[in-house]
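In the two assemblies presented below, chain A is common to both, partnered first by chain B and then by chain C.
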Partner chain A sequence: MKNFRLLAIIVLLVLFVLVIPILFRNDNYILHVFIMASEISIVALTVRLMYITGEFTFGQVAFVMFGAYSSALLATKAGVPFWVALPMAGILSALFALVIGFPVLRLKGTYFAILTLIIAEVMCQAARVWDFVGGDTGLENLPRPDAIHIGTFTLIPEFTAIDKLPYYYLIAFLLILTIVVFRRIDRSPLGATFRAIQQNDTLAASIGINVRWHRILVFSISAFFCGLVGSFYAHYMTVFYPRSFSVWDSITYVLYAFLGGIGYLGGPILGSFGMIWLWEFMHPIQKFQPMIFAGAIVMVILFLPGGLFSLEKFLPSVAAQIGKMSGPLGKKLRRN
Partner chain B sequence: MENLAEIWPQIVMNGLVLGAVYTLLALGLALIFSIMRVVNIAHADLYMLGGVLTYFLFGQWHLNYFLTLIIVVACLAVAGAVSERFLFRRLRGTGLAGPLILSLGLSFFIRGATLVSFGERERGIPSPVTGVISIGGVSFGTERLVVMIVSLVLIVGLFYFIAKVKSGQAMRALAQDAEAAYLQGIDINQISMLAFAISIALAGLAGALLAPIFVVGYAIGAPLILKLFIIVVLGGLGSLPGAVAGGFLIGFVEAASFTLFSGKLSYLAIFAVMLIVFLIRPQGLMGKAELQ
Partner chain C sequence: MTILEVKDLTKRFGGLVAVNEVDFVVEKGMILGIIGPNGAGKTTLYNLVTGVFRPTKGKVIFKGENVTHLSTHRRAAKGLVRTFQTTSLFHEMTVLQNVLVAHYLFRNSKGLGQLIATPSFHKEDAKVKKRAVEILDYLGLSAVKNELAKSLPHGHQRALGIALALATEPTLLLLDEPVTGMNEVETATMMSLIKRLRDDMGITIVVVEHNMRAVMGLSEYIIALNFGTKIAEGAPDTVVKNRDVIEAYLGVEQGA
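Up next, the complex of A and B:
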């Protein structure tokens, strides 16, 4: 089973970083959908990270927005290059989460969930009337990431409007980075602490865990990755408005995380890619798109409460079927 | 602001109308949250559905307005009972997330279905009640007055139901302690179904009442549900008196800031009020907080 999982991860990784880019090298539409799905996967993963401590948040779009604005303002007003603005956006978002985390994380459960939703809406509305950040029309003509050359060697190629491949690799890198970091957190003592808080925060506090501080920490870590996504979004689209970051986006992140399976690291990714491609496949029947999409949501939550990823438990029997096959692959799988 | 003396009766009137309708909607939301721990994102879309039904029944097919109201209430009560029986009941006791995602799916479904049958355009409905009433030299639209009075009657009726009628008392018992209520012989299934039916029928009725005043469109639920969440959280989650306080507070703030400032700022004013309340009472005006 362990080998099977490793095999699946390798196959997916090869598909993601080699097969898809080569196959759809010139299909900007498909690359664009994959780029958006990767962005959303990262944010959905941060929703899951928050959920590990037992909170669920509808406010992630606020941090994406904060990252987008800080990165865009740094680039346009201070002339900071993208490669500096990207981590800066993450750090600033994390600091912002730290600041608002102190009052907001006094609350938990439904209060916290709805309060984060309202904060996201406040920020969107405030940006619409604040002229320094572009008001309702937003920011435009944002610089694309610059190329980096070391001598004659091109470390990072030119990012242009017509070629989406560099963007694809950049967001793929960010997604893989997020997965690796979150996997480390999951398996570290810190992750165990988070899960202890989820199970019973009073008990966790009684054995000496600083519950509030850990909540703020996880809030900030999740905000950091949202900030990175925001910065990427800003310099990928090169134009955005306050209303690019509506609370309905935030709700969608939670939706994808849960539909994919919030109990699994792969869940939010599966949920994001699955639901986004489902939406795109339904283009020919545009009129009924929202209804079918909604129907899929209801079906998944009713019949697969653990999310799409919970189908994983059927994999051993699928593997057993494959194992009955002859040949070296079958033999290898049979051994495990 | 030299004409403040002239516009304040207008502000009070608009505040009362908005407050009464917000309260009616927020009460439904708070009712099913307190009983079943369901945060119903589809609530505002059911309000929209009430408006759309009114558009077809009254605006297109020219049925009697009161007959329209009765049909809307009946349809939505049945829809509420059915959605509880066949959808929400399956997820009872699974925590906050499942029912929330389910209601989100329903919300998308209702919007999608309305988009298909009703189209993208926002439409108005001719007013069933016209005319202007003058009280103390200040004139009010009769229509708004009627909406306000009907809403107030319904709010009082709901509180009477909860306080005095047996199944209403059962709802309160369930909200306080579901297990103890069950041991007392209260049928959780039946009461939950009834609560859902009432909550959603009220949402639909509010939609039908307001349809002639505002426009009807498939997307009108999206901004409204945020306001309703603010009201319910302001008042204290699941607290019915809190929903009334929050509803009227937000109604008045919105009416005042809409008249005194521009529309954009009126939205921000609501948040300003909310932040002030939260800094002082994080658990809302009348709520028991899940504080740590």
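Up next, the complex of A and C:
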């Protein structure tokens, strides 16, 4: 089982960083869909991180937005290069979460979820009337990430409008970074503390855990990664408006995380990639999207409460069945 | 030496006085019993002492320090720890994971520092694991350490509740109905365990309990509450003979 999992991870990684970019080198449409799916995966992963402490958040778009605006304003008003603005956007979003976390995280459960929804909407409306940040027309002509050369060696190539491959690799790097950090959290005593808070916060406090501080911490960590996504989005699209960040986005992050399986690290990623590709295949019937979405959610809740990823436990036996039939690969899988 | 001093402690919920001007003192190394009929204010008193509620009036002094306005986790860090009346555990974790997570205070590394695996972190982690196993051994839970907490029998769940408290290295342990719902064998085991906690580890113990035989057998000193007010205190055999206590439990005969 463990070997099987490792094999699956290696296969997916090779697909993601080698096969797809090589196969679709010149297909900007396909690369663009993968880039969007990766962005959304990161945010859906932060939804899961919040859920580990027992909180549902519908406000992640607020941090994406904060990151996008911070990064864009730093670049246009202060001339900060993208490679500095990117981590700055993450840090500023985390600080923003820290500041609003103190009052906001006095609430729990549904009340907290509703408040996050309101914050996201308020920020969107505020940005529309604030001229310093571009008002309703938003910010445009944002600089693309700069190339970095060390001597004659090109560390980072040129980012252009016609070639999406550098963007693909950048967001792939950010997604892998997010996965590595979140997996580390899951397996560390910190992750255990978060789960303890989710399962019984009164007991957690009684054994000395500062529940509120940990909630704020997890809120900030999730905001950091949302901020990175926002910064990437700003310099990838090079133009955005307050209405680029709607509450509907926040809701889809939660739903993708849920559909994929919020109990698993792979769940939000599966949900995001799966659903986004599904929408692409169903372009002709796109007006029915909300209906299909609702139906899918109901089906998953009824028949697969662990999300799509909970099917993973059947994979080895399925693979073994296939293995019985075919040659060397089957033999290898059987051995595992 | 006085470990805990409760002075004039009062809690009102609207018009209801749940705890009314209660005073008592816990000396180091003693086992103190708190008795009283249902609704006497015992659990509210615990919630005031551990900081779940803030008192309307009065003070809680722990090891000479006024802790009345500290939060629960700050009091736990000072060694004032409780267990819960209902089986309160991290139900979706295994027994071992429960005790490991309860070593939160024992660890020096906190927050994001726990994400970077430095040599000192590994050393600390090994120490925590060793200690967790020792605690489980001590409480006779080693055989079930990989079971989910929710799947344990009642007696083991109560023992695990105590294991969590022990992991925090308490100096004063407040037990809330530790033998309620237990059969006679489980009760006897739990009673001898509570005595051992005091004798082996020097932990001072306060116990709220309905089971009279258990609380009389354990405690060296008893406080009786009724309607939030302290009605009697003293050695167990004098408290049970107290007229007010008998009335509180059995009621007053009409016209007597």
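Observations on the structure shown:
Here is the rule we use: the second predicted complex is superposed on the first by the 318 of 336 C-alpha atoms of A that agree within 3 Å, B and C clash if a C-alpha of one lies under 4 Å from a C-alpha of the other, contacts with A are read in each partner's own complex, and residues count from 1 in each chain.
We adopt the following convention: a residue touches a chain if its C-beta (ideal position, glycine included) is under 8 Å from a C-beta of that chain, and two chains touch if they have at least 3 such contacts.
These figures come from a predicted structure and were not determined experimentally.
Under the clash rule set out above, the superposition-derived model of chain A with chain B and chain C shows the two partners fitting side by side. Within the superposed three-chain model, A:Leu7 lies out of touch with both chain B and chain C [touch as defined at top]. Looking at the shared chain after the overlay, A:Gln199 reaches chain C, while chain B stays out of its contact range. Contacts of A:Val211 after superposition: both chain B and chain C are touched.
Contacts of A:Tyr111 after superposition on the shared chain: chain B is touched, whereas chain C is not. Here the apex is the CA centre of chain A, and the angle it makes with the centres of chain B and chain C after alignment on chain A is 80°, in steps of 10.
When both complexes are overlaid on chain A, the residue A:Ser188 reaches chain C alone and has no touch with chain B. Once the two complexes are overlaid on the shared chain, A:Pro305 sits against chain B while remaining clear of chain C.
Touch counts on chain A: comparing chain C and chain B, the chain ahead is B.
By the touch criterion defined above, A:Val122 lies against chain B but remains apart from chain C after alignment on the C-alpha atoms of chain A.
Judged by the touch definition given at the top, the superposed model places A:Lys287 against chain B, while chain C stays out of reach. Shortest separation of chain B and chain C in the overlay equals 10 Å (C-alpha atoms, whole Å). Of the residues of chain A, those at positions 211 touch chain B in one of the two structures and chain C in the other.
Interface of chain C with chain A (complex): residues 50, 52, 71-73, 76-77, 81-82, 84, 88-93, 97, 100-105, 107, 109, 111-112, 114-115, 125, 128, 164-165, 167-168. Within the complex formed with chain B, the residues of chain A that make contact are 56, 103, 106-115, 117-118, 121-122, 125-126, 128-129, 201, 211-212, 247-248, 251, 254-255, 258-259, 262, 287-291, 293-295, 297-298, 301-302, 305. In the complex of the two chains, the chain B residues touching chain A come out as 33, 37, 39, 41, 87, 90-91, 94, 96-98, 101-102, 104-109, 111-113, 115-116, 222, 226, 229-230, 232-233, 237, 264-265, 267-268, 271, 274-275, 278-279, 282-284, 289-292.
On chain A, the positions that touch chain C within their shared complex are 181, 184-185, 188-190, 192-193, 195-196, 199-200, 202-203, 205-211, 217.
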